[in-house]
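For reference, the structure is listed below as structure tokens.
The chains carry the letters A, B, C, D, E, F and G, assigned in the order they are written, with residues numbered from 1 in each.
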Amino acid sequence: MTAETEAAEMQPAETQREDLQRYGVPYAAHGEQKVIFPHRDMWLQTAVALLQDGWNMCLDVTAVDYLDKKHPALPSDIPAERFEVVATFISYERKERLRARIQVPEADPTIGSLYTIYPGSDYLEREVYDMFGINFEGHPDLSRILMPENWQGHPLRKDYAVGSIPVQFKNSRQDSPKEGA
Amino acid sequence: MGYLGGFPVTLKKWFEGVNTKNYRGGKGGKSDVKAPKPERLHGRHVLNKYEDGMEKCIGCELCAGVCPANCIYVRGAENSPQDPVSPGERYGFVYEINYLRCIHCDLCVEACPTQAITESKLFEFSFTNRDDAIYTKDELLVDDEGKPKQLPWEDWRDGEDEHTSGWMRATAPGGDASYEGKVGWSGELGYGVREPEIGQSVDLKASLRAKQSRISQDQSSQEETPHG
Amino acid sequence: MGVVHNVAEDGFEGLQHNFVTAPLEKLVNWSRARSSWPATFGLACCAIEMMATGGSHYDLARFGMEVFRASPRQADVMIVAGRVSQKMAPVLRQIYDQMMEPKWVISMGVCASSGGMFNNYAIVQGVDQIVPVDVYAPGCPPGPETLLHAITTLHTQIENGELLRRREETGAGANITVEQLDGQGQSQMVELGSRT
Amino acid sequence: MEVTETWYLVLSAVLFSIGLIGLLVRRNPLVMFMCVELMLNAVNISFVAFSGAFNDIAGQSAVFFVLVVAAAEVVVGLSLVVMLMRYRASATIDDLSVLKG
Amino acid sequence: MGDPYLSDGVDLGDVLLAAGKAVFAFTVLLVAVMLMVWFERKVVSRLQNRIGPNIAGPFGLFQTLADGIKLFFKEDVIPTKADRFVFQLAPYLSLIPAFLTFTIVPLAGDFSPGGSEGRVVIFGRETFMQVADVPVGILLFLAMSSLAVYGVMLAGWASGSKYPLLGSVRASAQAISYEAALGLSLASVLLLSGSLSTNAIVQVQAGEGFLGVVPNWNVIVSGFVPFIVFLIAGTAELNRPPFDFVEAEQEIVGGYHTEYSSIRFSLFFLAEFMNVVTLSAIMVTLFFGGPAGPAFGLLPGWVWGFIWFFSKLIVFLFLFVWFRAALPRLRYDQLMDLGWKVLIPLSLVWLLILAGIRLAQPDENGVSLLQVSDNPTINTAYFLGAALSVFALGALLLMVASKNARDDRLKSMGLKAVAIESAEVN
Amino acid sequence: MVDASVFIVSAAIIILGALGVILSKNPVRAALSLVASFFGVAVLFVLQEAHFLSLVQVVVYGGAIVVLFLFVIMLLGVDKAENLRIEPLVGQRYAGVLAGVGFCAIICAGLFLSGPGGEDGAVALTGTPTQEQARIIDATTPDINQLATDLFGRNVLAFEATALLLTIATVGAVVLVKNQKKPVPASVAAHSAADSENSSENTELDAENEVDE
Amino acid sequence: MSLQTPEKQSPNTQQIENALTQQLDLLPRRDAVLRMSEVRAAEVADQPVSDDDDQTMMMNMGPAHPSTHGVLRLMLELDGETVVRSKPVVGYLHTGMEKTAETLTYLQGPTNVTRMDYASPLFNELVFSLAVEDLIGIEIPPRAVWIRMMMTELNRIASHLLFMATNGMDLGAVSMMIYGWREREQVLRFFQKVTGLRMNHNYIRPGGVAADLPDGWEQDVIDLLDMLPPRLEEYDILMTGQPIWRDRLQGVGVLTQAEAQALSTTGPLLRSTGISWDLRKDMPYLAYDDVDFDVIVGSYGDSFDRYAIRLNEIRESMRIVRQCVEKMPVGDYKAQDKKVTPPPRTRIDESMEALIHHFKIFTEGYKVPEGETYIGIESPRGELGCYIVSDGSAKPYRMHIRGPSFVNLQVMPHMMANGLIADAVVVISSVDPVLGEVDR
């Protein structure tokens, strides 16, 4: 997809604009995908508004670590931070999904927990905590979920190595005939 | 009598006979049979030769590069002009596959530009030693008749060395329907050029007609035996 | 852990071979090969294939192996079916320790054998770093017939009595201390399963 | 050596006394119940012994009744113990004093 | 009464005979158990389109032998948390009752009319083909089956870990509730045969039955219900599927034998299958005429008895295997419900009905014990009617009570009822 | 001779079992010893030709009562060893042992002193029943039949009374255990009310079990 | 990029509090969730019976317990045999796949994701491919769409058959277990014919499918579809109509609509509560618009409903597959976009350009434009989502899979509360988690 077509598609339809405006946060929409960009401090209020507006379910909470990368498709007036928490909601009536992308700074990786608003985010937030080290304030049981409890580090951060070991072979050190000859 | 329903159902199975193939790892004599293998099966790999006995591998390392598990180790070397190993400039000097890493996705087969590496139908092998699991070029290379080497920890049966290139032929058209049925590979030692695998058939229109007639047959047979 | 008597010391394997023990040992090995009950130890994809092997098309029962024991105390063979994560590793070792001698391990699938394609922080790169492995089944996952081949391989070894003797000598699983080499020219020793 | 009734009666007496000692000494209500059962058994032994001695079936009938009564007693007793122990896992008979008014 | 060879004095020969019979019975039982394990695995396999064991010996016949030898030579362990003494004792506690019960089963003998009433002559002594004909044989069976639970209970407790403990709690509850149904259904048989001796029970069934075609088996005479109750309660006693909670692998791993290994485990294994064989044998004896059956010449009469007995036995063994293949496992509390709310009342009332009929029927003097009317048919009808009305009343009471209890429970649970209601609205 | 040896062995089992009951710290072991003791008693019954009673003894005591004990022990998880050191009343233990030994001594003394001793001891203690009171045991009919005749003949009222007693005991047990709100964790108290029935049901088991005997 | 920043009209605190209480009230059994660290629980579980007055005991079920479907571990707080509180502990199969995905090209990607939900591998490949295609913005040819649809529906059948088998096993119906495997084996054999592998196929790839269906596939599929109905009827006799079976499942593990929604459950769990939500119907992807099928919905939210839903979904999938066979179009089965598809082998020999292209694709992979996307599909276990962030290179910058099993696991404590251990087993079984997908 070229930049022009992308920009063209990014023009939200009039209905979508109304739809997304009511949450009072920056938003964007491309294709069927709707994105809002609430600020970290307004996150819970926005979530309540979403709930009351008929977004039935919090499908997914995850995060991305933009260590030194440019954030794709981020509105220019939103200051980019290292972490971005991405939450996806779904509505039965509209048959649509809505994505919220919240910037979380590296210095204070903390954000309000959705647990009381969307209890289904319980494990998802624990996973994000485990993998990225982002704290969710107000979560009832914020502990590691996938890694052992005494694990050091947060594996999905970009500064965490994959940790692979070399694969075994038999003749990998054998000299090639040319060098040998 | 819902309680007793299970009894006739299970007893009926007795008279339906057994499904089991009595495979016993090659130790059961005559009754030891394998389940039939489909052509496309991803088995243990073989390194092919041309019909003139030259190795197909040119040491390009595409297979090693594309392997998600990094289980292939290839190092190419220059062919010596007097005694070339492969027709090209280079040949695979070291070629190893670590079968304790290989996931049999056959991306290597798809990647290989010369069809040097294809897969056999053999999937019955196991190792008592880590060393055995690392196949060297010697072990992977077919013999002068184009047959794969049969190693002691493998369970080969008659005819299993055929169809060593099923997946390669299946993916050969690259998704392009107009290339279906076109031979896009060089001959294999011992088997020559094989018939291409027919997917939706070479002649699209003919296949469409055949398909429609088949479906109408199916429908009529389906009406006779309604499901559900 | 309970009181573990070491079979190599207490059991009859420790006896000198004579005209009584030799046929007896043959008989015992015969019975062990035909009645090696696996522990239910499914981890991932391979576990599904392992269960499929118990299904009617392949039928592990032929080898007297349909008796999957949930209790490791009664199991003879541990089929490590699937990738072993760092979190699972201690559990796996504990279950291995709970199994009674003589015991065997089949490493089913490449993930168990070496980490397979998951060469990363989370997966133990080869279960033989934790427990001694006797037979490796390749494939991801190995088909039921591959598993059957591995099982018959193990049975042959059990019947020969080779495994126990070898393990006594080396103190390890499948005679394995492989110098790990790689394309980059570094080399490192990977300790592969020693009996503690 | 012929086994006479006296043998049985002495055995019965000893068994009864052991049960009595247990009842007096132990504080676990379950064990105390067991001691009561022991005493009942001692009585049973003597009943059967007398039945043999007098060649009279009535002794055996009596044992039958003892069995039934013992069963009833255990039922009620154990349900009391269950109630008691639900509140306190390590209950002893002394805790029954809470039942005092 | 009693075994004829014991009727006058005891000498060395009698002792030898008794010992010989015990050894023989034990051997028969062991071989039967060995074959039973193989039979079970093979039959279950066939019911599931599989082959089953076929590598150990011809047709896998030596599979059990291989299992046994392997277990015997396996390392043994006693967990540190275990109560050592009880832990070691428990397997034997479950094995011995299993064998003792087998001693009262008549294995062979010619019970056909005009036959020898089960007597055979061994070493010049006339005797029965059973280890002991105890005058209260059936009570011995009841006693032993109630003792058998000790092995399971103590094993679970002594292991010192939780899954086994849960298993043994389940075992004890199950034993207490099923013993009653077992005993009550037995009582119907005792009522018909008027004796507690197994030999006498078989003899009663040996005669010609209805129309000379239908055998005079207790299962028919007692009206099937006691047999069905006995079968279900017996399956529960055996901890066989679908009542195998005590060792339900999916729930409590291995139940009581989780911590057992090696030879001790094999003893449990053995005891379990021994119990299956024994209970089947008891069922054959009580309800299906034991070794009784027509003798066709060619062979001595008692051999026919043997053949009959084992053919009947195999049918039941098959039935138990079939249970396993065809039925899912019940839940623990459903088993309790079944026992207390269905089996016990049913067998109790059936006993009542049988007793009523028995009382009303005239004895050999033409006088019935209780007489309302002179016509024996009407007399029987009276008592049958009385028994049936008691049955109806009891059933009604039980149904009302259990419905009441269910309502109460639903009310107290509240939540689930609400959930179901709300779901129904949608 | 056979009789005597059987008697001695089973008496030893009985006494050792009884001692086991009062001496073992662990209730489960006590229950086990109790079974052993009961088993010995059953053997003694056989020795005295009371076959029926001996098996009923095993069924009722061994199969029901002790199983019930064990069930309760395991259900409540009270199989912890009791500390025998603690004495609630000082000197109670010594007094208890003394009382028991004294009791035994008195009875034995009565047995041996009241009559000429030996064979007539028992008779001397109790007196001989008159002829019309006695129900002479007939060696030819099985003991079950005689017992039945006695139970349902002369003692039918008493029999009915015990039946009533059992019913009352059953009802009593159910009432005692039923509707006892267990101290569940406060958090779940609101939502769990249905779980107390399990144990109540099981306690009612034993009572009914006896009805059929 | 259009960006709007309207005036803030944030809800006040009162509103938030109302929402909170409302939402948490939807979970009346939320106290049944055990909030205890694993280390602490292990300590408690080591003691035989707690000395506390509440008489509960901690029990550890798994991770190597026969009924926990692999390596799920449950910490149960038991009162007798009644489960008071519980906590599922996962991570024993954590494979680091999301990290691994960042090291693999988009071409290699399917080999990685296919190993997540190993009971329905094709769905993982599908969702990954759809997400990548969405980022690249390519259309895939209709034949590929229909092949994908048919293969995934067959995979749904296989997956549900697997559920039938394991559910049967958990409830002690041993024959059902074997029968389930038996039927699944037939489906797998068809897969093996098409993809060369029984599981973890690497068949559906960005741009289409790896290979065309082999000759004679129609007959194979029709045979398969003819084989299944009588077998399903046997299941009905063995289980659905079996009173013991119904007693075991009905009313066990009841989930209310409100709970299901609040806890973000999807798939058969959600549908069992009476909410008709199936992405295939409601947010159609592939060509589900063009096929006729019904969404199976339960009404009581109990385990039996979930069982019945899955059983009937097999039938619905069979309907879809039949329509796929009928309507299967001819043509390309991979987008003929040079960017993502290697050239046909014949072309390699013909043109140097194709050869270079071939080399480029297999060595470097193809570049995907910058962007991020979330795609969700209906896997046998619920909404399977894939969130991909691309930084414009040939490897995903971040790939996240929303595993339905992972989210569905959260309802377990709520469903198990006040049930017996045997019910807990039923609940685990009826949630049907695949731990590979939970832990990833």
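What we mean here is this: a residue touches a chain if its C-beta (ideal position, glycine included) is under 8 Å from a C-beta of that chain, and two chains touch if they have at least 3 such contacts.
For clarity, every value in this text was computed on a predicted model and none was experimentally measured.
Asker: Which other chains touch chain A while also touching chain B?
Answerer: C, G
Asker: Which of the chain pairs holds the record for C-beta pairs in contact?
Answerer: Top-ranked chain pair by contact count is D-F.
Asker: Where the centres are mean C-alpha positions, what is the separation of chain B from chain D, in Å?
Answerer: Using C-alpha averages as centres, the distance is 79 Å.
Asker: Measuring centre to centre with CA averages, how many angstrom lie between chain D and chain G?
Answerer: Here the centre of chain G sits 63 Å away from the centre of chain D.
Asker: Give, as an integer number of Å, the spacing between the C-alpha centres of chain G and chain C.
Answerer: Comparing mean C-alpha positions, chain G is 31 Å from chain C.
Asker: Report the inter-chain centroid distance for chain D and chain F in whole angstrom, where each centroid is the mean of the CA atoms.
Answerer: That pair's centroid distance is 5 Å.
Asker: Which residue numbers or ranges of chain G touch two or more of the other chains?
Answerer: Those would be 28-29, 48-49, 53, 55, 57, 65-66, 81, 91, 94, 96, 99-100, 111-112, 175, 178-179, 182, 200, 238, 242, 244, 275, 418, 439.
Asker: By residue number and range, which residues of chain A touch two or more other chains?
Answerer: Expected reply: 146-148, 155, 160, 162, 167-170, 172.
Asker: For chain E, what residues touch not just one other chain but two or more?
Answerer: 45, 47-51, 54-55, 169, 249, 253, 325-327, 333, 413, 415
Asker: Could you pull out which chain A residues touch chain G in their complex?
Answerer: Counting only chain A, the residues touching chain G are 1-2, 5-7, 10-12, 17, 20-22, 24-28, 31, 33, 42, 44-46, 48-49, 51-52, 56-60, 62, 64-65, 69-70, 72-73, 75-77, 86, 88, 90, 92, 95-97, 99, 116-124, 127, 131, 140-141, 143-149, 155-156, 160, 162.
Asker: Under the touch definition given earlier, write down the residues of chain B that touch chain E in their complex.
Answerer: 3, 6-7, 9-11, 13-14, 16-20, 22, 24
Asker: Provide the residue numbers of chain B that touch chain A in the complex, in ascending order.
Answerer: So the residues of chain B touching chain A come out as 69-71, 73, 75, 77-78, 80, 93-94, 96, 98, 100-101, 130-131, 134, 136.
Asker: Could you please specify the touching residues of chain G with respect to chain A in the complex?
Answerer: Counting only chain G, the residues touching chain A are 1-11, 15-16, 19-20, 23-24, 26-27, 30, 33, 35, 37-39, 90-91, 94, 96, 98-100, 102-103, 134-137, 261-266, 275, 277, 282-283, 369-374, 376, 383, 385, 387, 389-391, 397-398, 400, 402, 406-407, 409-410, 439-440.
Asker: Inside the complex, what are the residues of chain G that reach chain E?
Answerer: Checking each residue of chain G against chain E gives 28-29, 48, 57, 59, 65-67, 81, 168-176, 178-179, 182, 238-239, 242, 244-245, 247-248, 251, 254-257, 273-275, 298-301, 418, 420-423, 425.
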